[in-house]
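In this document, chain identifiers A, B and C correspond to the written order of the chains, with residue numbering beginning at 1 in each.
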Amino acid sequence: MNTTTMKKLPPKPVTTKQRVVKWGTWILSIAIVIWSCTGIDFGGIKDTAAEISGAIFYGLFHPDWSYVYNGSGEDLVSQLWETLCIAFLGTFISAVISIPFAFWAANTRHKKFWVSETGKIVLTFIRSFPEIVLALMFIKAVGPGAPAGVLALGFHSVGMLAMLFSEAIESLDDGPSEAITSVGGSKFNVAVFATMPDLMPAIISNTLYRFDVSLRSASVLGLVGAGGIGYPLIIALNYRQWSRVGIILLGIIVMVVLIDWISGAIRKKLV
Amino acid sequence: MSATDRDMLKLPKKKFSMWNWAWAIFMVVGLILSVQETNTSLSQFFANFGQFGEIFVAMAQPDWSYAGTAIPYLVETIKMAIISTVIGSALAFVYSLLIARNIIHNKVVTGVLRFIMNIIRTIPDLLLGSIFVAIVGIGPVAGICALTVFTFGVVVKLFYEAIETIDPGPSEAIKAVGGNNMNNVMFAVMPQILPYFVSYALYAFEINVRASTVLGYIGAGGIGLQLKNTLDMFQYNQTGMIILVVFIVVLIIDFVSTKAREALMR
Amino acid sequence: MAEQPMIELKNVTKVYPNGTVGLKDINLKINKGEFVVIVGLSGAGKSTLLRAINRLHDISEGDILIDGESITKAKGKQLRLMRRKIGMIFQSFNLVKRSSVLRNVLAGRLAYYPTWKTTFNMFTAEDKQRAYEALQSVDMADKVYTRADQLSGGQQQRVAIARVLTQDPEIILADEPTASLDPKTSHQVMEDLKMLNEKYGMTVVANLHSIDLAKEFGHRVIGVRAGQIVYDGKMEDTPESVFNDIYNGGNGKGEE
């Protein structure tokens, strides 16, 4: 490049506003991170931490196989089965409750704006209502055990599931519902004859996905006494039965992986 | 319509209805089994609904004076969420590059690392919490550890998938000018994936704020401990206050982070 | 020319893992300063041939020499230094869309630096000026700080040419440089390639879909069909029938 007519590279044109925004974002982010490290008590770590994590690892590789099945109903397989049932029933209940909520929150035509907005706010509230608190409330109502877990999952999942359903409704083609309205159908007719058939794949797919999530939740609900595998786990942790902790963790991992895999395969088939 | 046309139309319909039957049977059997196993009965629920309603009504009248007590714990909770988001996402960043098949071509390495990631992802946050409480003892450190691992699982999955879907063209161009793998990452991959990374980290932060509010229940620091105390002492209007402030904070954080993510993707 | 050829392919065969034969026993010599166009149907192996030359694709058999040096046997740093001598222009431009034009052009200098320097973006002022001058010669200087995704297709391809110019190679491989562009910008891009060929003496090897552009710009034509070279000759000596033949018995329609 030997031509003398070549111009010099001009400096990058940056406006003051861009510069302020850029530096401001950096400084703010760093300040927030530093602030969050202050005032937290990092000193309270037990001296035995390394020893215990070692013991848990040892337990993972030397699990208590005798716990897998002993016919008492308190063994791993029965507890996992109960967890699975809690998740299944909870998801089923929430899917049923979610459908009317979804129609409420879906922002479709022929509907006033504020109706769907209030629906969305209610769903957001349900979503952020902690599952554990819900489980505790149900424990107070129906006593400790699996039913409280089922109900907690059933109500909590509505927040997310109804939102997913309502998004599916919003993306539906308007034609079929107009056709039903034009032959003189009521709103209920429209929902049953036009919307539901088109909606079915989305409902099944989202429910299956929610089942995966609920299964993970179901395995921790036991920590507060709402049934399932969580309870024996917390007992084993408290009594330092590491090989039992190991087998329970393995059991949960295997169950979750298996169910994820199955539901993933079904969802793939649906699309 | 000819006879063959009718045959062709009939077959898929039959198959579909078979699937429907399989579904229906599966559902009914599943329902019966799980109702039996969990001893759930609707009548029991409705019989006790009054009690549930009472708690709910008490919660709906939050004790405003309690806000002063609740907020410092909430601040601690948010701090926990921030620290663990930063550490967890940073770990996830490096790990994602190692398991993306368009960057590391060694299938054994990516395969093993992916297997480990998938195992970590199966463990729910509260379970991680209770394990870490057992390891490091009661306090926010256990919560931070649990959320860090949880963040890692969330971000890694989303991020490595984003990396694998980038446009391979620029990488080809970097290779063609004589660049090595590091040049490829810095010049072709990074600019394409950085906005996704920040977006996923913010998303993980949203989840973390929600998750951290209950971690205290099992002793892993933050406002969850207050949640437990007020419930144990039947102070439902204080519980209601906690839920309300958590709800507001979650709403604000969701709003800010959604706006930030929209700005990033421009 | 009596001196050694710039690019030499010796019995080059490429078989894909699924058994498809990409290239079949290709022998080819291209001298310094030539402007070669490769024509053929899509799937004939033009792209594979080009990518074999800078080893974006590994070949199964044979040897490829660049300026007398085997690229097939080169490894690691040596391979990258050889690639530095070979610029490439792509059908889909292959710019990093979210980066600035300047950064895209500077990428052409990557192989001149140790990795850590480029990682921290430590390019010399001299190289930045070089990049800017390259942009000026393709008439894109005013877009130097624009993000690449805000440019039109033709502008992106010119930025890609500036990247090659900054790389300062001896050979340019152009893989369907005009296939994503309209006729007018296609012409402009080909003019830029011609400029690189005539002004800087770079050897250009271009795959072209368009017979018209091939005729206008190529000095030498190589016809490829089913992974084999079926024609090789000077452009002015090439009768129309050759093109018809390459595009399968006179059916040259729809190739623009």
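Note that in this section a contact is a pair of C-beta atoms (placed from the backbone, for glycine too) under 8 Å apart; a residue touches a chain by one contact, two chains touch by 3 or more.
From a predicted model like this one, the values you see are computed outputs, not experimental measurements.
Visitor: Specify the chain with the shortest distance from its C-alpha centroid to the centroid of every protein C-alpha atom present.
Guide: Going by the distance between chain centres and the overall C-alpha centre, it is B.
Visitor: Taking contacts as defined above, which has more of them, A-C or A-B?
Guide: A-B
Visitor: Between chain B and chain C, tell me the centre distance in angstrom, where each centre is the average of that chain's C-alpha atoms.
Guide: Inter-chain centre distance comes to 46 Å.
Visitor: Can you compute the centre-to-centre distance for chain A and chain C, using the mean CA position of each chain? Integer Å is fine.
Guide: Chain A and chain C have C-alpha centres separated by 50 Å.
Visitor: Measure off the straight-line distance from the CA centroid of chain A to the CA centroid of chain B, and report it in whole Å.
Guide: 6
Visitor: Spell out the part of chain B that touches chain A in their complex, as residue ranges.
Guide: On the chain B side, the touching residues are 27, 30-31, 33-35, 37-41, 44-45, 48-49, 51-52, 55-56, 76, 78-80, 82-83, 86, 118-119, 122-127, 130-131, 133-141, 144, 210, 213-214, 217-218, 224, 227, 231, 239, 243, 246-247, 250-251.
Visitor: Name, in rising order, each residue of chain C that touches chain A in their complex.
Guide: 128-134, 136-137, 141, 144-145
Visitor: Spell out the part of chain B that touches chain C in their complex, as residue ranges.
Guide: Listed in rising order, the residues of chain B that touch chain C are 167, 169-170, 172-180, 182-183, 186-188, 191-192, 195.
Visitor: Which of the residues in chain A come into contact with chain B in the complex?
Guide: Spelled out, the residues of chain A in touch with chain B are 32-33, 35-42, 44-46, 49, 52-53, 56, 81-82, 84-86, 88-89, 92, 124-125, 128-133, 136-138, 140-142, 145-147, 149-151, 216-217, 219-220, 223-224, 227, 230, 233-234, 237, 245, 249, 252-253, 256-257, 260.
Visitor: Mind pulling up the chain C residues that touch chain B in the complex?
Guide: Checking each residue of chain C against chain B gives 54, 56, 77, 80-84, 86-88, 90, 92-99, 103, 107-108, 110-111, 115, 118-119, 160, 163, 167, 173.
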